Structures are given as C-alpha cells and as structure tokens.
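Data first, discussion second: the structure below is written as structure tokens.
Which chain is which? They are A, B, C, D and E, in the order written, and residues in each are numbered from 1.
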Amino acid sequence: MLLNQFLILGALLFSVGVYGVLARRNGVMVLMSIELMLNAVNINLVVFGVQHGVVSGQVFALFVIAVAAAEVGVGLAIVLLLYRNRTSIDVEDFDLMRG
Amino acid sequence: MEATGFDTWVLSLAVFLPLVGALVMMVIPKAYEAEMKLVALGSSLAALAVGVYLAFQFDYGAAGNLQFVVDKGWIDVINSRYIVGLDGLSLPLLLLSLVVVPLCLIYSWNHVPEPGNTKAFFILLLILSTGMNGTFVSQDMILFFVFFEVVLLPMYFLIGVWGGEERRYASLKFFLYTLFGSALMIISFLALFFLSKDSSGELLHTFDMRVLSDVAGVGIVKSTQVWIFAGLFMGFGIKVPMFPFHTWLPDAHTQAPTVGSVILAAVLLKLGTYGFVRIAIPFLPEGAIAWAPWIGLLAVIGIIYGALACLAQTDMKRLIAFSSVAHMGFVMLGISTLTDFGINAAVFGMIAHGLITGMLFFVAGSVKERFHTLEISRLGGLLKSVPRMGWILGFASMASLGLPGLAGFWGEFPAILSAYNPGAGLPEETFRTYMVIAALGTVLAAGYLLWLYQRTAFGEPPEEFADYEIDDVNRFEWIAWTPFLVGILLFGIWPNLIFNVTDDVVTGITASVEAIATGR
Amino acid sequence: MDVLLAFTRPSLDWHALAPELTLLAVGTLITLVDIIWDDRSKRAMPTLAGMGLLATLIPILTLAVDGTERSMFGGAYVVDDFSLVLKALFLISGYVVVLMSVDYIRDGDYYENEYYTLMLTSLLGMVMMSSSRDLISVFVALELLSIPAYMLAAWRKGGSRSNEAGLKYYLMGVFASAVMLYGMSLVYGLTGSTNFDTIAQELGSGPSNSIAILGILFVLIGFAFKVSAVPFHTWAPDTYEGAPTPVTAFLAVASKAAGMVALIQLVFVAFLGRDDVVQPFFWLISALTMTVGNLIALRQTNIVRLLAYSGIAQGGFMLVPFAVAADAPARAIEAVVIYLAIYAFMNLGAFTVVLAVARKTRSGEIDSYAGLFQYAPGLAVAMTIFLAALAGIPPAGGWFAKFGLFRALLDAGGGWAAALGVIVAVNTVIAFAYYARVLMQMWFQPAAEGDEQPIVVTGAIGAALTVTLLATMAFGVLPGLVGHFGEVSVLSALGG
Amino acid sequence: MVAQNIFFGIIAAIVIVSALRMVTTRNIVHAALYLVAVLGGLGALYILLTAEFVATTQVLVYIGAVMVLFLFGIMLTKAPLGNVMEMTGAQWPIAAVVSVLLGGVTICSLMDHFGSDRLVTDGPIFRTADVSDEVFSTYIIPFEAISVLLLAALIGAIVLARKD
Amino acid sequence: MWMLENAFLIPLVPAISFVVILFFGKRFIGANRVHIVGITALGLVWVLSAVAAFQWTQRVENPSPDAIVEMATHGGDHGDDHDADHGDDHDADLAVVSTDHSGGEHGGGHSSPLIGPVISTFSQWWSNGGIEFAVGTLVDGLTVLLLIVVASISLLVHIYSTEYVKDDRRYVHYYAFLSLFTAAMLFFVMAQNIVQLIVGWELVGVCSFVLIGHWWEEKPNTDAALKAFLTNRVGDIGLLVGMIVLWGTFQTFDIDAINTLISADPGAHHLALLVAACCLMAAVASKSGQFPLHTWLPDAMAGPTPVSALIHAATMVVAGVYMIARLYPVFYEGLSIGTSSINLMAFIGGFTALIGAGLAFAQWDIKKVLAYSTVSQLGYMVMALGVGAWTAAIFHLFTHAFFKACLFLGAGSVSHAAHHTFDMRKMGGLKKAMPHTYRTFVIASLALAGIFPFAGFWSKDEILLGSLVGQKNSYPLMLIFGCAVAFMTAAYMTRVIWYTFHGEFRGHGQPHESPKMMTVPLWILAGMAVLGGVFNLPGPVLEPFGLEGLAHRIQTYAEPSVYLSGLGISHPDPSLNMALVGLALAVSGILVTYLYYWRRIGLHGLTERNSYAKNGYTFLENKYYLDHLYNDVIVKTVKRPIANWANRVNQNVLDRAVDKAGETARDTGRWIYKWVDQGVIDGSVNAAARGADSSGEGLRVIQSGKVQNYGQLLFGSAAVLAIVFVIVV
C-alpha cells in the first residue's frame, strides 16, 4: 500500500469538509461537515504514526476525537441557543453585526 | 563632567517642577481656582528660578562641555540611561522654554479661552513645559524621544479644546504629521544604536548621545548614514517644519489658542532644529554632508515659498504662521551649511524666532480678543485704537523682518553669510545661489510684514469697531510681553549673549564634520 | 501481563505544576460551591475567583524565585522564566477581567457562577499553553482555552448579538482548529514526533519540501486566527461587538496573548530553522494585519468595534517581530513579550473605561462619548492615557512596545525589515487618526443634550482602572519594569 | 497486500462517495446517515492500519455519541426533514473553488513529496496497552486537561442550551 | 585725540535722547517740550563732532608717529588701537597678501605722510566659529566730514521743526525718531566694519520709513513709506550679497583691513570685487536714489518737510555715496575705474543725473522738483566717484547737503505760509510776503545751479573736471552728461523760483513769513551755501591772496589717502576753461528760463503747437514715475508697428515696474498658496487621509457579517498562501 493512498484520501475528505462548511446553510450540517475535516486529520495522524512506527499518532488521534466530541457538544448548544432566539439555524441569517 | 551634590539633581528639578505642579493641581478641586493658578505659576516660576540658578552656575568658559550631568540607570534592558546635561547649545533653549511658560500662564491668567476650564488648561501647559525642558537637556536618545513626544498630547489638546473653528482638523493634522516623523525618527535612533561603532570597530550599542557624538558615525558606511539621516530628517524636518512638510503649521497656528501658538512658535518648532544640530549632524556627518545641499534647497524654497504664501494671506495669524516657515528656512539654511557660522546663526535664529514670532502671536491673540476677528481687511488703525499694541506690533514686525539692532537680524544675516562659504565637502556654487535666493527672501519678508502692518496698524480704525470699548494693553499682557520685548532688543544689540554661549558646542560639532569631510 | 508491568509512573514535578493545580482547585471549588449553595453563593463568587487567581500567583512567584528551569516528559512541558512571565500575565489579566465582570455580570441577566468557572478554565488553558512544547499539549491547551471562550461569547443568552457572536467565534475557531490540526498532522508526518525540540531538529535539517511548507503554514494559520491576524480576523469585530464587554476584553487580551504565546513557542522553538517560510509569512501577515485593521478602524462608529479593529492592528504590530524571528530571535521574543505585557494593561484599561461609560450611556457609539471630559474628567483622562498608550505616545506605556518592535527590526537589519519598519511607522499614524476620534468626542465636544450627570465608578471597576492605569503609566515612564520580563523570557525560550 | 489494497479501495470509495453525498444531499437526515457511513468507513481503515483502539473509539465516540448528538440537534431544531429548505447556499461555487484549491495544493504537495513511498507495514504494532502507557505518561497533562475541558464544555453547554 | 578714539559717544548722545524722549517725553517732560531734549542732544553732538573734526585736523597737521602709516607694513602698525585678537588675525591675513606685493607703485603725487584712521574697538560684539567680532569706530577725515554734515543739518532741522510741526499729533514721536535717525546715521558713518555698515544702513532706512509715514492715517503716506522701505530692501539684497562676497574674499569684516588689503594688492580678486561692487551698486542705487531704483524718493516727500530736508536730501540718501567712498578700493578695483573710459557706476550716476534733472522740469509739486533735483545731484556724486574723482564727490556731498537742506526747508517755509500745499500752481508772488525765505531760497538755488562763487560752483566744477580728465582715460560721455545737467539744473531751479515767488499769488488766504525758529536755520544754511566752497578751493584761486595753504582742505583732510594711494588715484589740475564752460552753461540755463518766464520770450505754446515738443513735455510732465514713462512712451510711440501681444508684454513686464513687482509677488503668493500649497502639498496630504478613509470603507466589504464568507476568506487565504509559498519557497 502506498502511503499516499491514505494521505490523499485524507486530503480529499478534508476538502469535502471544507466545501461542506462553506456551502451548507444549515447550522447542524456545518457542524457535521466539520467532523469530516477532523476525521481527515485523524487519518493522517494514524497513518503517519504507522509510518514512523510510533504510537503518538494514535494518541494524537484519540485527543482529536475527544476534543471533537466536546466541540460538537458546545457547537450544538450554541446552535440550539440561536434557534431558540431566532427560530432559525440558517447561518446566512446571522449577520446582525457587520462592517 | 559628572556633577556632584546639589548639581546632580538641579537640572532634573528644572525639568520636572512643572510636572509636580501639574500633579498637585490635579488633586486640587476645581472650586479652588485661585489656589490652582498660584500653584501653576509657582511651579513654573520655581522651574525658572532653577533655570536662572543654572545660568549663573554655568561655567561659560567650558560651554562646550556638558555640565550638571546626571547619568543614572533607567531602562537597563535596552541600555538606555537617564542622562541629562546642559551645554552651551541647550542652555539658551532651556531658558527660552522656562521663560515662555510662566509668561503664557500669566497671559492666560484671567483669559483662558473658550470653553474655559482653567485647571485643565494650566495642567496641560505645565506638562508641555516638562516635555520641552526635558527635550533640551536629554543626553540619551530614548530619553530625548520620550520628552520629544510628551509635548504632543498636551499641544494636541490645547489646539483641539481651546482652538478656533477648524480646531479638530488642525489638531489632528498637527498630531499625525508629527507622529509620522517621530516614528521614522525612532527607527533611525535604533539604527544608530545597532550600527554605531567605536574607533576600534566594536559595536557600541548605546543610546548615549555623548558617546555617539564623539564617535561621529565612524563605522557606518555612507549609504547607510544617508538612510538613517533620512529618517532623522523626516522626524526633525516635520517638526521644524521644512517645506514641503509645513502644511500642518499654518492650520495649527491659526486654530490654536494664543498661548498655544506662542509656545508652538517659541519652543516647539525649535525641537526640530535642535534635533538637527544636536543629533543628526554630529552623529552622522557623512549623511549630513550628503543631505546638506538638499536641506539647503528645501530651506531656501521654504524661505521664498513661505514669504509668497504670506503675501496671499488674509488672516493675520495665518500670515504670521507662514512667516514661521520662511524664518525657519533661514535657520535650516544656516544648519545646512555645516559651518560654525551657519549653525551658530541657526541657534540664534531659533531663539530670535521664538521671541519675535511668539510676540507676534501674542499680539494677534490680543487683537482677536478685542476685535473678534483677524481678517486683515477688517482691521486697521490699531495705532489709533490701541496705540501701544500697535507699537508693539510694529516693533515685532520690524524685528521679524530682520532689522539690525533687533534679534531677528542675527539669525538671518550670519545664516545667509555662511552660505557663501559652506562647509567642507559641500558644493560652493549651489550654496552661493542659495545665499542670493535667501537674500531675496529678506525683501519679501519686509514686504509681507510691512504690508500687514500698513493694513492693520496704519490708517483710521474701521467703522465697525467704532462702538467697541477697546482697551489697550492690559497689566497681564504687559507682564507677559515685556520679557519678550526686552529679549528681542537685548539680543539684537548684544548678540554675543547667545553666540558666546553656543559657539563652543557648535565649533565642536562642525570640527568633527569637517574632519570627516576632509578625511581627517 | 508484561505490557502493564512495562508502565513506569511518570515523574511529576508537583512544584512545577502547582499553578495549574491551584487554578484547577479554585475552579473546582467554585463549581462545588455553586452546586452546594447555589444562588446564595453568588455574592462570593467573583471574590473567590479573584482570590483564586491571585493565589495562583503565589506558586508562580515561588517558582520564579527558585529560578531553575523545570522540564517534564522529555521537554513536552516546560516551566521556565518565559512561561512564568506569561502565566503571571494571564493571571493578572484574568484578575482584571474578573474585576471588570463583577458588576457587569451581576447586573445583567447572566449565569454567574458558571461564568467564573468557564473563565478559570480558559485561563487554565492559557497557563498550560505557556508551558507546552508539544503539539498535543499545545492543541489541547488551545482547545481548553478556546471552548469556554466560545461559550462565554454567547453568554448573554437572551441577546441575539451575543448568540451570534458565540456562533461566529465558535465556527471560525473550529475551522481554524481544523486547518491547524491538518497542518500539525503533516508536521507530525514529516518528523514523527510531537515534541518541539525533535520537530525543530527534523524540520531544520531536511531540505525544503512542500509538505513542510504546507504543514508549517497551516499550523501558523490556526494561531493567526487566534490572534486575529488578517485575513483570519473576520470573527473578531463581530464577536467583540456581540459578546459581553468583559468577555470581549478577555478575548482581546488574554486569548490573543495565548495565541501569541503559542506562536512564539512554535516559531522560535519548532520552526526556527524554517525561516524561509516563517519570515515571509509573518512579514506579509503583519503588514496586512496592521494596515487593514487600521484602515477599517477609521470607519467605525461603535467604540467596541473600533477597539476590535484596533486590537487587530495591535496584533499586527505584535506579529512584526516574527518577521525577523530567525534574524534576531532574542530581540524578537523580547519585543513580543513586552508588547503583550503592555498591551494587556492598556487594552484592558480601555475596555474598563468603555464598561464604565456604558453603565451610564447604555451605548457603544463613539458619539456617546461627547463631553466626557466635562462630566467625568477622571475617566476621560484615563481613556486618553490608554488611547495614547495604544497609539504609542510617550509617556504612556505603549511607546516602549512599539520601540521594541523597531528594535527587533533594526537589530535584524536589511531592506525588508526596514520596509516593515516604515509600514509600522505609517500605521502608527493611521492608528492615531481613529484614536483621536474618540479623544475628540471626549474633549472637544459638548455633552449630548447637556446631560452632565457624573458617572458612578464602582469599586471593582475603580480597582481595575487603578491597576491598569498605574501599570500603563509605570511601563511608560520606567519601561525597565516590563523590559526586564521581556529579557528573561528570551533566554529560556531559546533554550539558552 | 492485494487484499488490503482492494479492501482499501472499497472503503475509500465508500468514504469519499458518502462524504460527497453528505455535503450535497438535500435531506438532512440522509446527510447524517452518510456521515455515519464516512465515520464507519474510517473506523475500518484504522483497523487496516492496526490502530485498534482508535478504531474502537471512533465507533464508540463518533457513531455512538456524536451522531446521536447530531440527530438530537436535527430534531431539536425542527429542521425540515424533506427537501423543503435550500440546504446549499448561493455561494456554493466559491466554496467549491476554495475547496478545490485547498485540496489541489495539498494533494499536489503530497504527491510531490511522498510520491510512491510505501506504507511501512512491518513496523511495530501498538496495542491498546501501549496507547494507554503513552497517554498516562507523556501525555498525562493533556489528558487531564481534556477531562477539565469536557467538564467545562458540559457545564457551559448545559447553561447555554437550557431553557430559562 | 580723545574724541577720535571715543567717537562712539557721538551717536550715543542722540540714542539716549531717543530713549528719553520716547519713554519719558510725554510723562516727565511734557509732550510739547520734548524738542528741548532733542536740541540739547544735537547741540552736544555738534560740539563733539566739531571737537572730533578739530582733532582730526590736528592729527593730519601734526601727525604723531603712530598715526603715520607706511604702505608696505600698513595694517599692523596701527595695532595699538586694535585689541589683541583682532590685530593678530589681521596681521596673519595681511602677511599672505603683502608677500605678493612687491613694491607696487603708490603715493602718486603724495609727498605728505599717509595718515591712518583712528580705529577703536570696544567690547566683543559677537563671536562665531571661534572668531570674535568687535564693535568699534573708524574715524578718519571722511567720517568727521560726515559727522559735521549730519550734526549740523540735524541740529538745524531740529530747531526748524519746533515751529514746523508745532502742535502735531505726534510731536513726541517725531522728535524721538529724529533723534534715532541721527544716532543711526552717525553710527553708520563711523562704522568700523561692514556689519556695522549694514546695521546703520538698515536703521536709517527704518527711521526713514517711520518718518515718511509720520502721518500714517492717510494711506498715500503709508504707501510712500512702504515703497521707500521696500525699494531699499531690494537694494539691500545687493548690500547683503556684496558684503558677504567681500567677507568671503577677505575673511574679515574690518573695513580698514579690506581697504588696505585691496590697495596693497590691487590686482588680486578682481572677479570677486567686480561681483561685490555690482551688488553694492544695487544697494547704492536704492539708498541714494539711482536709476532705476530712484522712484521711491519723490514719493518719500509725503513725509514732513524737515524730514525730507534731513533724510531725503542731506544725509540718509547720501549713505550710498558715502559707502562707495568708504569702500572705494572695492569699487575702484571692481569696476576698473582707473583704466576704462566708462563703467557701471559712472554711467548709472550720469544717467541718473540726467533723467533726474529732466524729470524735475515737469513737476508742479515743489518738493518733488527738489526731490528729483536730489536724485540728479546724487547721480552727480556717484558719477564723480565713477570717474575717479573721489574728492570732488565728497566735496559735492558736503556742499549739496547744505544748499539742498536750505531749499527743502525753504520749501517747507513756503508751504507753511501757503496752507500746507506744495503745489506751485497755488503759489506765486511770495517774494514780498516772505523775504527771508525768498532770499535764502535764491541763494541756495544759485548754489545748486553752480553760479560763481556759491558753494555749488566749486564742487560741480571739480566733478566736471574729474570727468574731463579722468584717471588714465577721460570720460567724455560723463562730461556731456555733466554739462547737460549743469544747464538743466540752473533752468529748472529758475522755473521753481518763478512759479513760487514771482508773479501773482494764486493760492488763497494771506501768506506770511515764517517765524524766527524757521528763518534762522534758513539763513545759516544759506550762509553755508555761499561759503561752502571755501573748504576745497583750488590752489590757483587762492594763490593771489597768499592763502594757498588753505587750498584743498577737504582733499587734505578728508581723503583717505592711506587707502587710495595704493590705487594710484590722481587729482587733475584745476582748469579755468572748464570752470568757465560750467559757469556759462549754468548762466545760460538761468537766462533761457528767465527769458521764457519773465520776458515771455521763447517757445511759448510750443507744446501745443509742436507734436515733438508736446511729446517731450508729456514725457516729462505726467510720467514722473519711471514706470509710467515706460508705459506711455513705449506704448504710445510703438503702438502701431508692434502687435498687440507685444503691448501686453510691455505692460506686464515694464509697466509700473516697482509697484508691479510687489503686486506680482502678491499674486504669485496667492497663486502658490492656492494651487501649490493648499492644492498640491496640502492637497496631497489630505488626499492621503481621504484615501485611507475610503480604503477603510472599501475594506469593510470583507466584513459582511456572514460567517461563511469569513470561512471562505479563511480557507481561501490558506489555500492561496499555500500555493504561493509552495511555488515560491
């Protein structure tokens, strides 16, 4: 197997995640797309860990997963808060402050 | 020469006494206005007294050496120290600054301009005073820079709060211009710090102006010197102000309250020229030589240009402001020759311009106060309506146009003279051309000043002021003005009072420049 | 199970960890108190948090007095002078923010106890950040300080603006984290280690390659977001405007400082060998940040937004030394640390004044400052000093910060450094133009509708003002105070 | 080797296609399900890479916890379950360009640098215990920090999300 | 010799008088009694000057050894009077020069010893570049001559003014400034160095300004004052530059040193001296009313008449002449007076004399006639100097001072009688009413016309003689000028007398003789107009009386032979023929005019009948400004052949040269201020500010408020940066 198989998969996934966060209007969808990006990172970390024969890659990936979980929780809380106040989760609606 | 005993802190006393006064004033409640004024005047007079003490204790035989030197640690991390000292170059300017402030306080005693608030007004004047005094005695570049900048905010507020119609614009312009210059100046200071070497090629890493003056830019290649000088040029040149960086000046002067204009003209502009003489030229002789013809060019352009602009003015104060551009042109011309003659003349010119233009602004302020206008076309017959003021205006105008026997002449004539034989390494023909142009400037100076005088002082007072109850010069004005008038006359009759003091320092500076120019 | 036996308990230097532990203990205490006494504990909460922060300074002092450099886990977690200085800075800023918060949070409709818990958590992240010399530690510390901050930004639950501020901050923060993580993964991939020292060796020795460039770039971008550098600044104005004012101050000062600290460690330890990437990157970013921040600030009418853009521009100034990171590393670190320290006080001070004024005017518009000098001269003078400091005018503190930048640039020398110096100079001028607009309102204009009722300054706000004012002036007049900290920070950060 | 490659190919295809569908579908519940597919596929890949604990965590945390959170989020926000709402913003072309640029430069760089480097397959295999050793020694501090972080996130999220 | 060494006392007295009058006059002395102070002071000055003059003659008659200067070592010898620094410096300078100078020919015809000036230096005045400059006095024959002239006329004017400006609005100021002027003038004439010369020069100028504008309520007066001052300032450019060139060449301000250095080595520094001389000529032209800067002088008549007499006839306006005389070696060498048959100075002087005389014909204002006459006579003196006739020029200066002052005061007396008008058309027939004024006026006019044996005859004769003989060449053109002027002078003065004193009284009211305080000075001056000539009578005239010892007193005492001898200046022998020709011209001038006016003979109505004559008269009458002359003459005569654009050029370039210069400067100023200063320079500053402002506004577009736009920016920048860095690095 080539190293690049995984890496390019990660890169593609990351790009798709980027597209997702930029193009999706639904707040929850944006949050989901973020997960794509973070998972792309995880692939890289694990693959590189294997490549170098060290365990820190996996450890790093675990930390990322943990943090991601916390982020999702917080993110959803904020989205819910907004939904409650604005009855919308369309991120394009949120431009009270600008300039 | 390290000072001992009382002398170790007497100089600092002169610098910081006004600040102490300002701090005391801050805690006095507004209701106690009379006490506050007394504190302000007292502290500035105390500083002046210290200045007089210094003048008497000063060893004129060794005017070329720093005296009352204090050298204490300050910002160790950057190797900057609290070094103050007084030599023949600093002394006259320090005294000028010390004298002007109490006089301004007296002038404003009961006449704090709109919108009032004596407390703030006086506090700002005192802070300003500390900044100015400090600049003239600093012997460390960082200390110099700090004091140089300290004057900015008080002046900004003086113009902005107590100024005329366009005060916001004027004050901001003044501030931004100066700030820009000083930012470039500090870059140059740092370049000096990092690049200066002693004669054995060791990097000095010092802000000590005494040391930098001694090494005279050895070890900094010419092209670098030119760049560093450019930064200093911007910093000081804007402050002077030199053409074409002068446009803040007319606005600032026109809009500033009277004492603001007076201090601006009398002291603040001198910070720039002082910087040239104290820092730019001795530290970077090669840069100075490379720049001198251009400085000279800008100076003579300033002379002619300022004069022509004066002729176009319809507002008395603005006219006087533009005359500053022309006069400072003479000062810069003197400096640009890099001769002891020229620089001495320049220093004299600084003092003279300070007194004369300060006086003119005082008169303009009092005229404005009485007639509520400075439109030249609306004024007239001052000699009739306020004869004494008219006479004083005439006297100051005569001094301003360089009448021999009054102070203005000794700044102008030797400056023009020095351009005939510029310092070593400078193009003679160029400077001789400057000389002729500068001489032409004296005619224009006479033109605009007399024209001003004719239209404001001569003739019959206009109808519109017929009903006004107009007082002549009042007591406060007399007290504030007399020292100016006496100074103008005294220095005019006996110029050696200043030349003698500055000569040693200036000779030292030009000697080192010449040594560089002629390859030692 | 020989695998289990192979585990050796890591040796922990408890003294070195004492600040973090103290902070953690205080945070826990607050949570416990909250749980046990609930609403009755509200009064005590700010005091508790404040005292806790001050208490945390004690172990820092003892460590500083002790003076030995403590390194754990193969250099992944280091307690040296640099980290101590910055920890102290974070804690003191935190303390001032707590002072600012007391009345603001109490008077508003906020969850008070949780507020302080989250703030302490965030501070814990910052404190950890300054010791972290490892990708994972940095990452976790970053998230630890960021995630509570996201929530604090949205803390005014009923306010749409606050919610929106939280969302924007959160989303942008997560985007940036993702980019940063991707970069970290690449860096990790090239070096096989998360430890900065190892990374430095590996990166510095190999030939230039695109992955290294990409990795470094992405990591730096992640933190550039944190310090709101252009073009990653976009969240800052909106979030600052929407968030509760003390939180804004916290973000503008502490959070930004944490980002800077992370950048210092990354740039000066991990990526120093890659100056071909780092220096141009920061040259570009700092120039852009200063200029864009200042230019947009010229057009602001809201004081908080103005301070936000001002903060962006100030961040740009702070990034300047990074552009000469390799040419003059010692001076550059010194410059950043000094700038951070001074910036913390002057900016906090400015926000404190904004807070105090807003208590009366209920407005964030610059116009509402008209005539402040007439009816609240003390506040006006304080604001003037803070703004002067921000503009870099002696004798207010900021000048020395700017001076540090120039010093670093000129120590490095060369045309690019000089050009950047000139850009800084120009920006100093632009910056004053908008600070002056506030000054003009305060000093030159009469009060709107003649409303000259004086402003009541509460004890806590007064204390915050006093602290910041004294520090700002002291740093200006005796810059040696702060300069010293800058100097000691250099030695250890460079491993010297 | 070949088997692994085939396995990789299949999973990679599933992952990529699901990811693409996820960001393009108009149905939010479908999107959530596609995300599950992506996450699951990745878990499989971790096993392929001998990272068993990561794979386990992936499944437990992501599919088990995070996805549930998302579904709650979808329900709580009463998102239209059908194609009612325009899910993709008008600026999607810009988003596309940006992502293509970013992906392009990354992939080009990866190709450039790693080229045809083979994955090291004979390296040490780390079991869960190795991972835990590492976590509880070198990374003990971040680990503790994570716990604080989760607690803080919990507290904060509750405060924000609760109805007053 | 005490007085010569302490000559500084002389100007000090009126200076003190000035201070006393100005500051204490009104309060302690009484506004209408301040003249007592002034007159007392001037009396004292006169006495001191007389003492100085006497002592100087003693010095020349019985020279003490230290007064005698040996040419080769001159300069160091009078070192007693110098302070040490100065002497050393001076020696060093001289040493360089005198080595080059090997036995140059000097002492052309001088057998008597060369008497050095008395130089006293006082306290150090200023120091610069380590060099110290002293203020001091230089007293020699020329100085004492001027002292006497100034003191005498000033004293008489003081006395005269007590009546003339009685009850004036500003009696105190008037006397204060008379005193100040006197002090400045005295200071000027005893200047030891060129800086003092400049100082004195400017001070007299400013006093002139103040006194011309004495009645400043009326705008014409102030205009005239301004014009006078500004025109002088124009000349001062020349003064400054010229003096600086001298300083640059010789590295000293010391007049004595400069003169000595030049006369020790006349050939050296020719170029520098030429430049200096030309520059200084500009100053002379402005101060002494030489073409083309003379236009201010007639305007200056706006001042009180005694002032005109003192300042604009007798003293200040001769400052230029004095300066040439004082620095004669500079001009002599610079303009090659000795060797060429024409030079700038002679031509300017001669031409000025001619046009001044011409213009004097066309005036109706009696003071303006006298003013143009002054211009003309000053031209005469300058011309004399230009042809090398130093002594003649100074002699003429001396005599002219008295008779011209007499004429002015006479005119003042007339106007005093004729209701303060100076328009001759409103006078006439005053002969009877004002006998004293009439007689003195006639005497002075005869002196001016150069009628034997009045003072003017002798001095004018010497000038003509000087032009005839010249130095190495004769000056034929100057001789023609001189003769023409002699004729014209006599003629226009006769015209004045006709219009003023003869015929019918054309004014209103009853004219009356002026009081004693006015007539006594008139008679004293008239006496000098008669007797002034005796001070420099040529030898042959006195021989028959056995008084040849008294011949050429001015030449003997006043000529600074110590400076001139090195130049080789010669003195022509007196010529009876020349004297007769000059006298004949003057007499014929009187005769023609007499016939024209008294006997109604001649070309009456010529101007109506003859277009050339009419043109000529128009030329003179209306265009008493040079500028108008340019304008109308050129425009009217050349109108047809030359196209319109040329006219416009003429009008703009030549029209009203002086006024226009001022206006042009002002217009230029306005233009520069409006377009360059406010437009370009300030405009660019403001444009920069606006640019910053609007770019700030433009950049706000980034801040759309939509988080996904922010995200696009974030990821987009990351991508772009990545691409750039990957490619570039």
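Heads up, the rule we're going with is that a contact is a pair of C-beta atoms (placed from the backbone, for glycine too) under 8 Å apart; a residue touches a chain by one contact, two chains touch by 3 or more.
Quick caveat, the model's predicted, so the values are computed rather than measured.
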| item | value |
| --- | --- |
| Distance in touch steps, counted as few as possible, from chain B out to chain D | 2 |
| Label of the chain whose CA centroid is most distant from the centroid of chain C | E |
| Taking each chain's C-alpha mean as its centre, the one farthest from chain D | E |
| Winner on C-beta contact pairs when A-C is weighed against A-D | A-D |
| Middle chain, criterion being Cα centroid separation | B |
| Distance between the centres, which are taken as Cα means, of chain E and chain B, whole angstrom | 37 |
| Between chain C and chain B, distance of the C-alpha-averaged centres to the nearest whole Å | 42 |
| Between chain A and chain B, centroid-to-centroid distance (C-alpha), Å | 64 |
| Between chain C and chain D, centroid-to-centroid distance (C-alpha), Å | 31 |
| Residue list for chain D, restricted to those that touch at least two other chains | 89, 91, 94-95, 98-99, 102, 105-106, 108-110, 114, 130, 138-139, 142, 146, 149, 153, 156-157, 160 |
| Residues of chain B whose C-beta touches two or more other chains | 176 |
| For chain A, residues that touch 2 or more chains besides their own | 7, 14, 17-18, 21-23, 27, 47, 51-53, 56-57, 59, 63, 67, 70-71, 74, 77-79, 81, 91-92, 94, 96-99 |
| Chains touching one another, given as label pairs in label order | A-C, A-D, A-E, B-C, B-E, C-D, C-E, D-E |
| Chain E residues within the chain B interface of the complex | 124-130, 195, 198-203, 206, 209, 213, 216-219, 222-223, 225-226, 229-230, 233-234, 236-237, 240-241, 244-245, 247-248, 662, 665-666, 668-674, 676-677, 681-682, 685, 689 |
| Chain A residues within the chain D interface of the complex | 1-9, 11-20, 22-29, 31-33, 35-36, 39, 42-43, 46-47, 49-53, 55-59, 61-63, 65-74, 76-81, 83-84, 89-90, 92 |
| Contacting residues of chain A [partner chain C, same complex] | 7, 10, 14, 17, 21, 27, 30, 34, 37-38, 40-41, 44-45, 47-48, 51-54, 56-57, 59-60, 63-64, 67, 70-71, 74-75, 77-79, 81-82, 85-86, 91, 94, 96-99 |
| Footprint of chain E on chain A - complex, ascending | 18, 21-23, 91-92, 94-99 |
| Complex interface listing, chain B residues touching chain C | 73-78, 115, 120, 142, 145-147, 149-150, 152-153, 156-157, 160-161, 167-168, 171-172, 175-176, 179-180, 183-184, 186-187, 190-191, 193-194, 227 |
